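Working notes for the structure below.
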Amino acid sequence: MIDSFQKILVIAAHPDDEVLGVGGTIPLLAQAGKTVDVLIFTDGSSTQYAGDDKILEHKFKEAELAMKTMGANLLPRMTFPDMRLDTVAHVDKNSALGEIIQKGQYDTVFVQDHTDVNRDHKEIYDSAVVACRPVPGQCVRYLLSYYVNSSTEWGNILGGQWFSPNVFVDISETLEIKLKAMEAYQTELRDHPHPRSLEGLRTAAAYFGNTVGYQYAEPFRLIFAR
Amino acid sequence: MIDSFQKILVIAAHPDDEVLGVGGTIPLLAQAGKTVDVLIFTDGSSTQYAGDDKILEHKFKEAELAMKTMGANLLPRMTFPDMRLDTVAHVDKNSALGEIIQKGQYDTVFVQDHTDVNRDHKEIYDSAVVACRPVPGQCVRYLLSYYVNSSTEWGNILGGQWFSPNVFVDISETLEIKLKAMEAYQTELRDHPHPRSLEGLRTAAAYFGNTVGYQYAEPFRLIFAR
Amino acid sequence: MIDSFQKILVIAAHPDDEVLGVGGTIPLLAQAGKTVDVLIFTDGSSTQYAGDDKILEHKFKEAELAMKTMGANLLPRMTFPDMRLDTVAHVDKNSALGEIIQKGQYDTVFVQDHTDVNRDHKEIYDSAVVACRPVPGQCVRYLLSYYVNSSTEWGNILGGQWFSPNVFVDISETLEIKLKAMEAYQTELRDHPHPRSLEGLRTAAAYFGNTVGYQYAEPFRLIFAR
Amino acid sequence: MIDSFQKILVIAAHPDDEVLGVGGTIPLLAQAGKTVDVLIFTDGSSTQYAGDDKILEHKFKEAELAMKTMGANLLPRMTFPDMRLDTVAHVDKNSALGEIIQKGQYDTVFVQDHTDVNRDHKEIYDSAVVACRPVPGQCVRYLLSYYVNSSTEWGNILGGQWFSPNVFVDISETLEIKLKAMEAYQTELRDHPHPRSLEGLRTAAAYFGNTVGYQYAEPFRLIFAR
Amino acid sequence: MIDSFQKILVIAAHPDDEVLGVGGTIPLLAQAGKTVDVLIFTDGSSTQYAGDDKILEHKFKEAELAMKTMGANLLPRMTFPDMRLDTVAHVDKNSALGEIIQKGQYDTVFVQDHTDVNRDHKEIYDSAVVACRPVPGQCVRYLLSYYVNSSTEWGNILGGQWFSPNVFVDISETLEIKLKAMEAYQTELRDHPHPRSLEGLRTAAAYFGNTVGYQYAEPFRLIFAR
Amino acid sequence: MIDSFQKILVIAAHPDDEVLGVGGTIPLLAQAGKTVDVLIFTDGSSTQYAGDDKILEHKFKEAELAMKTMGANLLPRMTFPDMRLDTVAHVDKNSALGEIIQKGQYDTVFVQDHTDVNRDHKEIYDSAVVACRPVPGQCVRYLLSYYVNSSTEWGNILGGQWFSPNVFVDISETLEIKLKAMEAYQTELRDHPHPRSLEGLRTAAAYFGNTVGYQYAEPFRLIFAR
């Protein structure tokens, strides 16, 4: 199915989400010669490490390294506040996303799912669906949501609504690239058995792979194709 | 997205279901040089017109004409009892479908949805998902369910669970072929405002088309892509 | 069922929502001699046309014309900010609505549905259900939500939860009034195949009509009757 | 809302279901001069008391007494097997119901809900929705499902899908008639705290009544009104 | 099941919620020698009785009396604004709760459900699930949500998603303590048939009790046990 | 939570289901001195290996070895037809289960989930919930459903309703016993990456373990506790 995608935007609330969710699929797209742009929507650290500008810079360095590993382009950084997207008016987030999507004329958009436990992920999902709604003339033809280790699993248990993937991409050939890209995010890696450890990532990829007859897979929910 | 499909099977409980649900998409696939086989799973009339062999023959003549109009192949007729699929053991339907799918090595399967009000449609859905389940070695890579005018709408209202399409195919260029194929089924056409009238088919196609920015569209639910 | 309604309030987030959702049913109620008041909850344009007071005035002129066409009364204008209802505290919206409902002693309230893609619609739904909750002494006996062309369809696809109507009003006799009332809103009309075009409105009314055996219908979800 | 109903059919899988679910509303309808017919769909005892013809006769005597108490008419007895409706072909139940509904030209039908734990209730719901589907010319304008003490509560807990009433009828004036009608069914009454005891019936009616600001109420789910 | 709980935290948005939801279970836990701490998350009256400091003090006196009746400890009062939790950033509520939970090393947490009609209840649910998410080292092993008379019932009807309890605690022995604790909250008691009257509380407890074969019960939803 | 269980029944449609779902929890219960009985509901092979009596005997030998490995007791074999439970009347399955449960006076029952893709699993779930419904005097106090590798994952994708576990048992200490018990079922083991391979079982246990902060876990859905 990913053969149909031509110009791809991956939206991530925080640096590392794009690797957790799409880190094995991005290399497949890049290897096929497709353009993959990654937009990190928040400053990524203003709440978690308040007042520490260095770590903010550091995390975007990590992001650049991850992009290089996967073959993606990092779009210019946005300044929405990390972990506080619920304090920004819905329409302002919608407009910001809408401009980037229309300017880039992406036919394919990946975004986080509203079933995640992380509120920023829900907010960015809500804004993406507005920005990608199928008005006549809309450039987006494929909208998919992705799975974020630890946030999606905990959303499943805690939120009462399960992430329901219907697209599974075989990443048996690119899992090692995904893990290497994740290693770039030293500040975000956790120790096993945390699901955001390298071993946790491998386990989840094997779990979804076995579900559909592959060694490793990444799960997505196709929101619409048109 | 339909570019990705190579060899396609459309499963229909009764003759005409395949036109109602996929009648605009089949010509697009056929025009692109893809093989589209149609399997009609029941005898199509044993309950509705009990004891009348002529009408049974007649309906399959209608089906052949519809296939020709759309550019599809009609597979050999099966003998499961029309409107009584719930009286056949689940495993026997599964096996029959499974054999055909594995023999044909289809990568794409279309089937009716379990939210329909028609019990035969639910039964055939249940068997198709078993026959297409993603065991290692499974040939099916795309499984989609389709919308059947009158059965799907009434299932929406009456069953408590709505058909939730996520794939919309632009059939603005092939709507007239779909209507012509439906005209082949004189025994199944109803008068407007019945949703299974020619005008009803046009209305539903316009409704789903407008929803996603097209003049006419057919809606599908992607069950899985792998 | 609409015979049971005596004094009706239609709540709309923005001018034109009341026509899109209830524009065929309001004339039926008015022709039967019932009082139908329409409350437009936001200023209707402060975000969309920021700083342009003239257009704000203009849109309310359009609203007055639409009301006259349908036979409804326009309640005094409220000043909640258009497209930014999520920035107003929930309790303040609840109180404002509650006062109007109790003062008007409405037995029937129509409001937009929380499945819509538009955030303002969700917010106004949430406040209406609080204001109409069935405490002893509550005047509201019927609470229904309505369908808004483009916002409801896109909410269906994008939000993961479908609008599930259970009440269908035959508007075959009043569709032309609905379309005429919509023509009053020149600033909001879109070109076909946008679902908020005149042809789009006709298509949706035919679609829901055919679903229940009528030529044209408006769909509603009965939230409660008591 | 019940003012809108003109000729009413209450479908019950077993004798006593009609009292448990509609036993307070039937007297209100009867007192308003409406015709209320009750159809008991199974023989009511062939499985529970296999081979005991006397008890079968006895239960229908109880039913006649209950009807008299509520002001309803008992339709001629049907012979579908009690507790074994799943062994009868779906289409045969649909046809039997359809004939009775079309012959009686009922505009309002009450039936048990598919969320009940009792399989017969699910089966009869499935057949009623087929028989009442809104084809052009359909006489049924209101279809509602009702709550059956013990079967609905247990279905809520065990089945994973809750009965979701949206219509609440104030039975404060007729609760005593309901309890008296239930007393007619001596074979079906259970001891408190079983929900099918007289005290259990009173508790459930108070619970749903308090929910909507009344002393006692019966809850229904409006499936459609047109 | 409550035998497994060792150190318990009950989170309540407003004073009296803890009695409505857990008022019969707390005495059972206290009688078994378990520690039960109650955290009231808002000031409890700043919106409802704006500017009236006396009533704020008064309500916490009522709370202390209720705690004494049930055998629970009242944690130091928090100052989040009553009925306006939606105006506080999500992360700030999460942090406040997280600190208290980790400091107290609770293995069991009770919180209100997100299906309630009251927005504060939804907000506190959302923060509790973040604070209790199962990271390695998390002390919480049981997370349950509880039923709040009037708010939960109205949420069921109005919100479209039902509270779905799966744990039922037999409170036949402690119902009188619950009612006595509720009597402490004179400012919050309502007249019958309001569900927040003493008779309303007894009715709901009998309703859920009968559902599972007891005289009186309190219903909970187990969110997770690990 | 498993400390609360006293006498446990594990119901399995086919030999090996009990290991796939409860194979790590059974040893924990057995080691704590609890009685764990396993009931295999079908003959286990009459459809899959029609006419081959030897394999039927063989599979029950495998089952005995698995029981010994886990510390469970195998109840006398039942003769319901494998893969054809849908052809047996619902009430006959209910009665058979009910007798065994009441005779054994089990307080805890584990059963397969109705979201599984396998029809036998759905049928046995439906019968178990009837047999365990909370009538006064019911011995069952805990009813849980379990996860079956391959059947549950495929049901998730194909059926539209996800298995939603809320109880996670830490099986880090007993995973090796589970794998050894599975090795007893040589006829049912598949090659990796099939989810019913030994490596597939380890992956799923790691996946659910990481989700809740453990190395390995088994997921269950608590249907009710009372």
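Order of writing sets the labels: A, B, C, D, E and F. Residues in every chain begin at 1.
One rule holds for everything that comes next: contacts are C-beta pairs under 8 Å (C-beta built on N, C-alpha and C of every residue); 3 or more make two chains touch, one makes a residue touch a chain.
Everything quoted here is computed from the prediction, not taken from an experiment.
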From chain B, count the fewest steps through touching chains until chain E is reached. 2
Can you check which chain pair, A-C or E-F, has more C-beta pairs in contact? E-F
Let me check something: if the centre of a chain is the mean of its CA atoms, which chain is farthest from chain B? E
For the copies chain C and chain D, give the interface type as same if over half of its residue numbers appear on both sides, and as different if under half do. same
Cα centroid separation, chain D vs chain F, in Å, comes to 36
Where in chain E do residues touch two or more other chains at once? 134-136, 154, 157, 166, 193-194, 211-214, 223-224
Which of the chains touch, listed as pairs? A-B, A-C, A-E, A-F, B-C, B-D, B-F, C-D, C-E, D-E, D-F, E-F
Within their complex, state which residues of chain B touch chain A. 1, 3-4, 134-138, 142, 166-168, 170, 211-214, 217, 222-226
Within the complex, which stretch of chain F touches chain B? 47, 83-84, 86-87, 117, 119, 150, 154, 157-160, 191, 193-194
Quick one: which bits of chain D touch chain E in the complex? Just the residue numbers, please. 153-154, 156-157, 162, 164-166, 192-195, 197, 200, 203-204, 206-207, 209-215
Would you mind writing out the residues of chain E in touch with chain A in their complex? 89-91, 114, 126, 129-130, 132-136, 143, 161, 223-224
